[in-house]
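Below are two complexes that have chain A in common, paired first with chain B and then with chain C.
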Partner chain A sequence: MAKAVKKEPFIRLAKRDTMPTAKKVAVRLISILAALIVCGLLIFAITGLNPLEVYSTMISGAFGTKTRIWSTVKEMTMLACIAIGLAPAFKMRFWNIGAEGQVLIGGIVTAGCMIYLKALPPVALFAVMLVGSTLAGALWGLLPAVFKAKWNTNETLFTLMMNYVAIQLTSFFVAKWENPYGSNTVGIINQNSQEGWFPSVMGTRYFISVVLVLLLAVLMFVYLKYTKHGYEISVVGESENTARYAGISVGWVVIRTMLLSGALCGMAGFMAVAGASHTISTSTAGGRGFTAIIVAWLAKFDSATMLLISLLLAFLQSGAGEIASKCKLNSYASEMITGIILFFILGSEFFINFKLILRGKKEKEG
Partner chain B sequence: MQGFISLFQAAVFFGTVIMFGCVGEIITEKAGNLNLGVPGIMYLGGISSLAAVFIYEGSTDKPSSAVCVILALAASFAGAALGGFIYAFLTITLRANQNVTGLALSIFGSGVANFFGGSLNTLAGRFEQISVPVTSAAFRQNIAPLASLGIPGQLFFSYGFMVYLAIILAIAVQFFLTRTAAGLNLRTVGENPQAADAAGINVTKNKYLAICIGAGICGFGGAYYVMDYIKGTWANDGSIEKLGWLAVALVIFATWKAKNAIWGAYLFGVLYWMYLYIPGLTRASQEIFKMLPYVVTIIVLVFTSLTNSREKQPPAALGQPYFREDR
Partner chain C sequence: MGEAVISLRNVSKSFGEVLANDNVSMDIYKGEILSLLGENGSGKTTLMNMLSGIYYPDHGEIKVNGNVVNIREPKDAFACGIGMVHQHFKLVDVFTAAENVVVGIKQKGHFDLREVAHGIREICDRYGFVMDPDKKVYDMSVSEKQTLEIIKVIYRGADILILDEPTAVLTPQETDRLFNVIRNMKKDGKTVVIITHKLHEVLSISDRVAILRKGAYIDAVPTKDATEESLTEMMVGEKVELNIERPEVKDKKLRLKVEHLSCYNADGVQVLDDVSFDAYGGEILGIAGVSGNGQKELLESVAGLQNTMPGAKISYYAPDDSGEHELIGLTPRKIRELGVHLSFVPEDRLGMGLVGSMGMSENMMLKDYSEGHSIFTDNRKPRELAEQILKDLKVVTPGISTPVRRLSGGNVQKVLVGREIAASPAVLMTAYAVRGLDINTSYTIYRLLNEQKSKGVAVMYVGEDLDVLMELCDRILVLCGGKVSGILDGRSARKEEIGRLMTTYGGRKEKG
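Up next, the complex of A and B:
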């Protein structure tokens, strides 16, 4: 009897209070490195490419030429924009899985404006597209928020379902606007006249999107960190009961924050359509709404970190695409690699939050 | 009448895929883990079964149907359970967030499956579309004498064995969860892990087992989709992902009861395919009709939260991490 009680487990866990920032960064870098090694070995096993060659191919695929750099940057800004939009919702612990749908709705409105309102002067057209797409995204976010605030309806599943409603709506409009008839794609909208396209600045059409997203990143940082709203969001996220006790109207904060979150995701749809693809299809969001959730979560809603993680994922995507085309494999390899890296970063959080204590070692006091 | 029969059959095919996913996810969620990796897990199950029988059928001149079926099922279960294990390890042992880990698993699973699904032939040095005719035929073999019994035969006996396996599994899981001691322990873990721990139930072990077995069952859905639904080939069109999310939705629709998953799955099938049987729809308005299963799920979700009935609530500790030292 006594024997079983006395025995200390081989490894015990204890929560860490804090970890020095440098050490945190080191843990994350090690996890990314470990993930890259695993991915390299995996690609070697499949293609027989030397792992070092794999990564040099990936780097040249992502940054080899000017076009490639911009295409990687474009991918990064899209991902970062959605992640920035999601950050306030997730900080509030509101599981907005619906970014995919909010992006698509913003995209539909933008495409609709480009098709029907192309006669407007450019400034007015851009204003209508911007306002319309953010309002549409906000509406898509508002619906689950109202039900959450009023009746505590599960928002994870509500927003998830809203994605598919948006996807079907997109299919509806694609069939409605198809061009040429029978192709079931919208094609490039305003191909010759380029109404509603972001103008070229500094030699690239993506420049405006990049500036917009950087601006949003700074604004979001300030909003979450230095405003009353941001403070209310973090209190609601930590504990709803505390927030209520402190006199914060939780329902209103939920609704307000989701309006903002949805609006920014809708704006990402605007940039995807008017700033990049100039068309709309069910793959306009292309799973980024889901990936961005992980970006926001891993970055702990810090703007700079979100940009960095987006860059890493965009690099992987372009790089893996290059490997795939070089080896005549398909480009889904990038999703596989992204998944592996995400697993490693997610796992590494454990070593930041907990420490392992081996049997026989005393926990340090302090 | 012919229209009704074909709608019924389409609904059964469709429903079977999501029934597997839903029953697997019910086991997982009853243990208190919301696994949003269902689409990824179904992908893993599908590609594992396809890869296993692709290699087997390619290696012999006369592949045996029985071996094909067993191999396909074992591989899909193993592949999917492995995906579940990654999720379980990250969320239980490393205490990562469940939703985020699930989404990462969905990305990973769809990447792995579409990568190998699209590249298996290239890797094997062949160029035609991948196909596993023997296994697919075995999966689609109906109950021959009964299937020719006129209308009842067409309605109830014209399917491959997986359709019946799904129903049997759903009933078995319902029985396990509500009528056995092990099922009660599992539910306790999902409702109140602290109490379960205090009562001497091994929370970690229960969660691991529930997640891995639940994932394995989801994997059958992927195998059924690949072998029967699309007849033993591969399509990189994201259908499994859609079906996987519908399976997650069906869990809510079924209010976490496996027996409800049976009729719920077929109902989703009817809702999904109904547009084909409504006259006068254009291609565009068909797309609006395909929203139905999702809209219905939202309505059910709202109603369950409005009524507040205790029978229809999710497991109380769903999505919450359990760390014994926390109080």
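Up next, the complex of A and C:
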């Protein structure tokens, strides 16, 4: 009996019901602030630099000049475009880890068009690249979807492995299109003639990408929220049994949605190649296909939130690059900062869903 | 009455905004059989989970044999001599009975399973159980699994046993056997708490009844002073008419003819074996059987959700005599497009009948959202229907766009039944329509089913409570092992006979 006479547990978890939206936003903002403070302490402890200075360097790195602003915006549009593409798949609970590959395939087709079809009039070339890259991405997404629908294969592994196939294909085409010979890169395609490059509008080549992504964001919002397709995606994502009960053909919805998801990721590859780098390499996707998964989930597939989170991540990346060179920290330091901030943002979700109760009945709010 | 082995003082527990137990103070006396009675959601299980170390109270104290204890985990509960058998069994399928009994016990060296088996046999002899210590759990029936759970807690030295809804999964005969065992335990000096909401069982087994309502402790009364009516009144808080209506069948018309229906489940096990029966418009056909004997597959076959074996026929006769449709091989959407008005309230309400993350309004269009040519969903009609159901069935929800997952079980069922009835069905199939519902909501559901019956709808009611089946249904089809073991007249059927058919194969009777 004596064994059972123990003390009350020191800390206990209790599930929250719901939190008012204002409070949720506050918790998230506090988490970012806390992350910045922790980063600051860490920077000071390791390097002895003034954290405020480091942060102001980050801001000037991301937004200091017009070029820097556009470069940050470019990064944001890429991330947002992929996240928008992933949103319908993840909303359907189809774990599309294959955005990286879908982006690369879209990029390969775009680069191919720029190389072989440069004789076409600019508008026609633009259209061919757009259609070709989206089709290629769609096909890359279709394969795992068909296997999932017909034989219920594991889409996580399937899409993940498709990435490696895409990377190998990219290597092959890089070798094929090598320029100059022996450099093992494709180089800037059509450097002088600029065929297939996005034209400058409003003084920047990134303008068209921005408009395209904003348009996609609005369309995706409407698609998921107000259309029958969007309704079907929600039902399938919630429960396949409910979908079958409702008479929804689950296999077809999976295939259709992955076609769309792959197509948008392919389009991101198009923007990366024709709209930004004007070259293709195995790092054209550069891990954005994975980062975009975080964007989509954090935003709970809401378009506006996806844009905001993409902006935050793009800012962190540009700013981190700047402190790496200015403050003589290497790029690992900047990746650490990004990591710490993401950790805090994700961690804040825990405090939104649970509360901690300390011994002595004091309830601690997150 | 003896001394209190367990005393609860001002115990409270909340989950988010839901107060599951509100300042409960009660005593459990040594050597008694106590029924803990209350409607679903009244906090019975939560309260007992705090005694067994699953939950930790927010406030209040627990005394065992007069000493204040902090029960932080199940191990602490065992140290106090408290053992609980949960409604959902916690056994390892691939282990034998003996292995399951010792799993989780910390002990130096290795277990001598022969000794454990010996211990199990001793317990069986003492209380009248039957259990083979070497039998694997996956070979056991539900009732055997329950027996094993009880043996497990006794083996670990529990003197106070808590049984959570022990009879929910048992046939009448198995229930009688369990009650004999419980009486033997009492003779042996053990204390038994039974969580239940079945009144006649409370009256037949317990010494005392403690009643909870909406998380609060109401009172405890000696069973000999209680009646079904008085207990219900304490449980619900008001007088409730406990009679289920059964209007006479009029204008009985063949609506559904099922012939030679067989099917296999995903694991390749045959779950329906040559099932044939008729369902008539204007009557309620009850379907009885131990849970998992093909009820689910039977309804899903009719709804077009189940692959059936060749040779089966399900013929639907339209109420306007416009002809006959074969439903085998059709998808749910095809069935609807043929103009077959089939409504189905499945067992898994949030996993099949509704989308938990959506509000009432969006759930209303689950089956007909695709009508019309627009690419957009029509949100106006579902919203109106949701408002209508909210009003007619008195659904308690913060609003029609609140995710239905956040509603209580009874309100979830009202939303689902409301939608299915609003589709003006010709056939209405319900699986465990009142499972987990409070008494008032249950009676609302019975009333709605009777309304449909008098409108000429063929109602099929899969149920688990035999008393309700016998009061509500015009005919009762009994399933056993996927076979029809009998079809009885609901007005003359006896409970023992249904119970016998639930556990015996064959013995097919003439359809009546």
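The rule is simple: the second predicted complex is superposed on the first by the 332 of 366 C-alpha atoms of A that agree within 3 Å, B and C clash if a C-alpha of one lies under 4 Å from a C-alpha of the other, contacts with A are read in each partner's own complex, and residues count from 1 in each chain.
Here is the rule we go by: a residue touches a chain if its C-beta (ideal position, glycine included) is under 8 Å from a C-beta of that chain, and two chains touch if they have at least 3 such contacts.
Because the structure is a prediction, the values reported are computed rather than measured.
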Touching A:168 in the superposition: chain B (first), chain C (second), both, neither?
-> first
Chain B versus chain C as contact partner of A:153, first or second or both or neither | first
Who does A:244 touch here: chain B (first), chain C (second), both, or neither?
-> second
Chain B versus chain C as contact partner of A:227, first or second or both or neither = second
Dominant toucher of chain A (residue count), chain B or chain C | B
Now for A:15: first (chain B), second (chain C), both, or neither, which partner does it touch?
-> both
Looking at the overlay, what does A:235 touch: chain B (first), chain C (second), both, or neither?
-> second
If you stack the two complexes on chain A, which partner ends up touching A:329: first (chain B), second (chain C), both, or neither?
-> first
Shared chain A footprint, chain B vs chain C, residue numbers 14-15
Mind pulling up the chain C residues that touch chain A in the complex?
-> 14-18, 56, 58-59, 64-65, 67-72, 76-77, 79-80, 303, 305, 331-333, 336, 344, 346, 348, 350-358, 362, 365-367, 369-370, 374-377
Chain A residues touching chain C - in the complex, by the definition given at the top | 1, 3-9, 12, 14-18, 226-231, 234-235, 238-239, 241-242, 244-249, 357, 361
Of chain A, residues touching chain B in the complex = 13-15, 46, 95, 97, 147, 151-154, 156-158, 160-165, 168-169, 171-173, 175-176, 184, 287, 290-291, 293-294, 297-298, 328-330, 332-340, 342-343, 346-347, 349-350, 353-354
Where on chain B is chain A touching in the complex?
-> 34, 36, 40, 86, 90, 93-97, 99-101, 103-115, 118-119, 122-123, 236, 242, 245, 248-249, 252, 282-288, 290-291, 294-295, 297-298, 301-302, 305-306, 314, 319, 323, 325
